[in-house]
């Protein structure tokens, strides 16, 4: 029951912050709202007992990406950081797409009965994810083990670092 | 009891709010922020499905994990590009980036 | 090596040589020697063909075939009968004279490169007996046209080049449908014309839609009403030699294709649907002539006259008897030669007076007698003066067409006959306006007459026209025997 | 008689020689080469005639047709093929003589008349071409060969009328002549097509053999729009003949054709080419009379009308060449009438014989008239009668020869015209009284206008000639042909024509019907001459008064009954403005417009679709989202 209350609070917080993030006139505020959304998401992960994931979420997203955003905003804003949202037509388009999407997806979601569905996650997996298991899964090459994607990801990140430097450096 | 649908509704809302932002905003950074929202919503879904439908396994979680890493990479590159564009044309308004079209 | 492949190989070699050419002198040497080689080849082929035919009664001679795309049975199959030989001779004459007519082109190297590519397409088309290879060469002939007109043309050249290419491409889309229809309709086992004609049968239900597609596809190139409008604009903008080649040879591709592919492979549908096209061609003949009467641009006059004359070719083909078809092929030869001559002379006149408007010219006979006399000869050939090629071709067509006993064919024949009077009207109007009378524009006084290379081109064509006009049985014999297979096929129905 | 081929080859070779190398020759050289060559051809023709009529002569009482040369030129079908050959029979041999004689005279005359003209060599090469084609026409063995040379004759006539090509009126006249005759030839061609389709042959011999059996049997019972097919075919062929022979209403080109040099008018537009139509009808005469007699009646009436019509116009013309041109039309119409009223065989075929006879005599005296007119024009440098008068004392030879020709054409014995015209009239008398009286009246008119011409030129009032440039007699090169032709005009009448030429090649006896025909015609002719003498010999004012009293009729006649204007209207306004212009407009705007419209539509469509490809990723995303939502909705609700 307490979980439910926490969830509801988190859910309302996330939705409101998301809305603020996409409607805020000032880009720096938008970035801040994004940060709140991400933190809220980390909260959801904790509720789901994905502790490691929550940690990663906060460290990478909140610690890394949002900081990146804020630097970028400082580097690119000239007079104030106003987002002049005058294009009514575009906003209308966006609203149409969003509302329609929510309606259709929501309808599908609520109508659908998922298979293997257990109403009570505690029965099946209500325990903390073992760090040892995560580490083994990341470093192994067996089935359900992810060394190869992990390595590929590291190469990707390397490529990103080089790419980022190359693109952003002064000529 | 928190039902799975509750999580999904939250992620759906987040996703389409992101879509709205992507379509409606002009500032490239704001678009990128919307993009983060979209990705985040998807990642929540992975985690939720993992937990509720396949509680014994960890695929969903790892997918989320990799997703976060790739998002980070993508954002880094995107921001590098945006900064570069800004240097060249002095704006981050997407409507003004049409040099290649002409 | 098959002698026929040489016709494709020689222009290809010319292209290769042109790549390494540096000076105008070298380019001209390559072009003249190449074109002469083609002429000599054509004459050799004619002689060899006549010798060979005396001993063999095969439908096509010098055949050979190499499969190059087995999954669709596409082969590089070549072979000639009397009709193709006649067309090859015509093409070689026009390619040869065309070289002399474009003696002083700017960007000569590129120009002649495309020119040679065009020749590859033309010769390749006439020697092929494989449907797809034929189609491929057809396209090879079309594409250079766009560049030749678009880059070296005059006036609204981009518009005309675009229009011409698009319309012909539209035609070839139909053609492709037709070819595929034939291939699959005949049981997708061969693309070879002879094979399909002799051993396979296309069901009449398929013929009913394939025949119009094929005929229309080739008909667009043969300036079939109402798909002829590329012709006036295209010819008006094209440079001299391109006009010559286009009107002289390329438009013949249409007639030849209608005859070789549409009529030969689908005789049942030809009998059933021929009347529709007969009416269209009948309209072409008269309509083209009437339109030519009021034109003021020399090239437009000639283009409409081509519509009329090429209409007569298709008209005669659709009459489906031996005499008329002989006439059709002779008309192709004759029209090819005289139109080429016309365009060569128009190019010559335009190059000097810088106008093609007949209202702005007059009395050229005094200024450039040689060119004017040639123009008169071309005109007389066009209006069917006995002794020149136009007469024999037209008369063969008329006599042949009149051999039908029913009123429909006869009325059409008589209507087509009327065109010779209208032809006389517009030819004499033009001749009277530009050549005779007092000199209209004082700037024209003192313009030089034809230079030696222009004379070579004009005299070459006149000789060919006169030869054919004086000794028609040569051409007639060459063609006539080769018509038997198709006549038999048409007559069985 | 294979050597008759050289009659054809000589002028052709001359044409090529003079045409290709003439401009490098001296004028005199070219002229002499041409004349000598023509002389050679003329000598050969006389030899052929002599041999044909007197050495080979008749077999079984009939002059046989001979084909000394013939080869296949172009094969159409198994049965139909064009042969080129030489057919000798009485009329073709006669034509050979006429053509080469007149042609030689013209060649000779032109040496002096055209002296110094620019394009002298060209002139001679065209003359040779014309002679070649005309000779080829008359010896044609088949109807298609005739058509071939028929066209060639047309073209050489075109070139010669337009000889002064810098003169717009000459160019227009040549164009008109060619197109009008070409139009008529269309009928000829269609006629040939019909005829050859049914009979399966082009050959004259086969067509006319056994009372035109092949035509009669093959077309029996066939009719089209109420007329038998044979009649259609023959009427269409007559149309061709009418075009060349300038029958009403296709005569309009002939007066204009006088723009050509005068000797050309003499050769082509008086003596030879214009009688080709008559010759054509004569050649196919058995076919006409047995297969399509109704067409012969038509020919007779058209001929009679044309004769009268042209004679009336001739009375009022003031350009001397035009008077002669209308007189030519009128005289050719005589020949046509004569064919139209003729029967077949023996004395019934009198009209046929008379027609050929008149053709023969007319050629000489009309050529003489034209050459004489040329001589006069040469002297006074004008075509108009008002610039002439009292020339008799300046140029006696021209005057006397002209007088002889006038007497011949007026039909005064013993000049040649009397005999031939007399035969025509008596043929008409026995066939149709109406035609007879018309022709008799025309004979009077002829006498009147010819003497009007004669008196106006050589007598009447003397005009104020330039004192430095008094008219003078033409040089000998010009007067000799005049004299020779005058001799012909006097004596050819005495040839006993029925002996040589008749409808079935069987000689018969014809005699002059003094009471019914000859005396009335002489009286009528003399009346005409006397009226002319009274009115014009002294140059009185009476003609003007008469003209005034006639009022509108006179004006209409001077304007040739406005036929030129009618033709002009038809060609310019109807054909050019109402047919060609709209068609050209239709082509440019409707057909081409449709094609361009197609292109335009494609362009517009792609332009509007192009808006979607704005390069704005956000829009793409929107479309993508909406699209995927639509698909999702479809999957959900369907």
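For clarity, chains are labelled A, B, C and D in written order, and residue numbers in each chain start from 1.
Note that a residue touches a chain if its C-beta (ideal position, glycine included) is under 8 Å from a C-beta of that chain, and two chains touch if they have at least 3 such contacts.
For clarity, every value in this text was computed on a predicted model and none was experimentally measured.
Chain pair with the larger contact count among B-D and C-D is C-D, by C-beta pairs in contact.
When you average the Cα atoms of each chain and compare centres, the chain farthest from subunit A turns out to be D. One inter-chain figure worth recording: subunit B and subunit D are separated by 97 Å, centre to centre, where each centre is the mean of the chain's CA atoms. The mean-CA centres of subunit C and subunit D are about 37 angstrom from one another, to the nearest whole unit.
Taking the mean of the C-alpha atoms as each chain's centre, subunit A and subunit D sit 103 Å apart. Centre-to-centre spacing of subunit A and subunit B amounts to 7 Å, using the average Cα coordinate of each chain. Shared interface positions of subunit A, i.e. residues touching 2 or more other chains, are given as 90, 93-94, 97, 101, 105.
Looking at subunit D, one finds that residues 618-619, 622, 625 touch two or more other chains. Residue positions 19, 22-24 of subunit B are each in touch with at least two other chains. Interface note: chains touch in the pairs A-B, A-D, B-D, C-D. Of all residues in subunit B, those touching subunit D in their complex are 19, 22-24, 31, 94-95, 98, 100-101. Interface residues of subunit D, counted against subunit B in their complex, comprise 615-619, 621-622, 625. Contacts from subunit D toward subunit A in the complex involve residues 618-619, 622, 625-626, 629, 632-633, 636. On the side of subunit D, the complex with subunit C involves touching residues 72-77, 80, 82, 144, 147-149, 151-152, 155, 158, 162, 165-168, 171-172, 174-175, 178-179, 182-183, 186, 189-190, 193-194, 196-197, 575-576, 579-581, 583-584, 587, 591-592, 594-596, 599. Note for the complex: subunit A touches subunit B at residues 3-4, 7, 11, 14-15, 18-19, 21-23, 27, 30-31, 34, 37-38, 41, 44-45, 47-50, 52-53, 56-57, 60-61, 64-65, 68-69, 71-73, 75-76, 78, 83-85, 87, 90-91, 93-95, 97-99, 101-102, 105-106, 109-110, 114-121, 124-125, 129, 133-134, 137-138, 144, 146, 149, 153, 156-157, 159-161, 163-165, 167-168.
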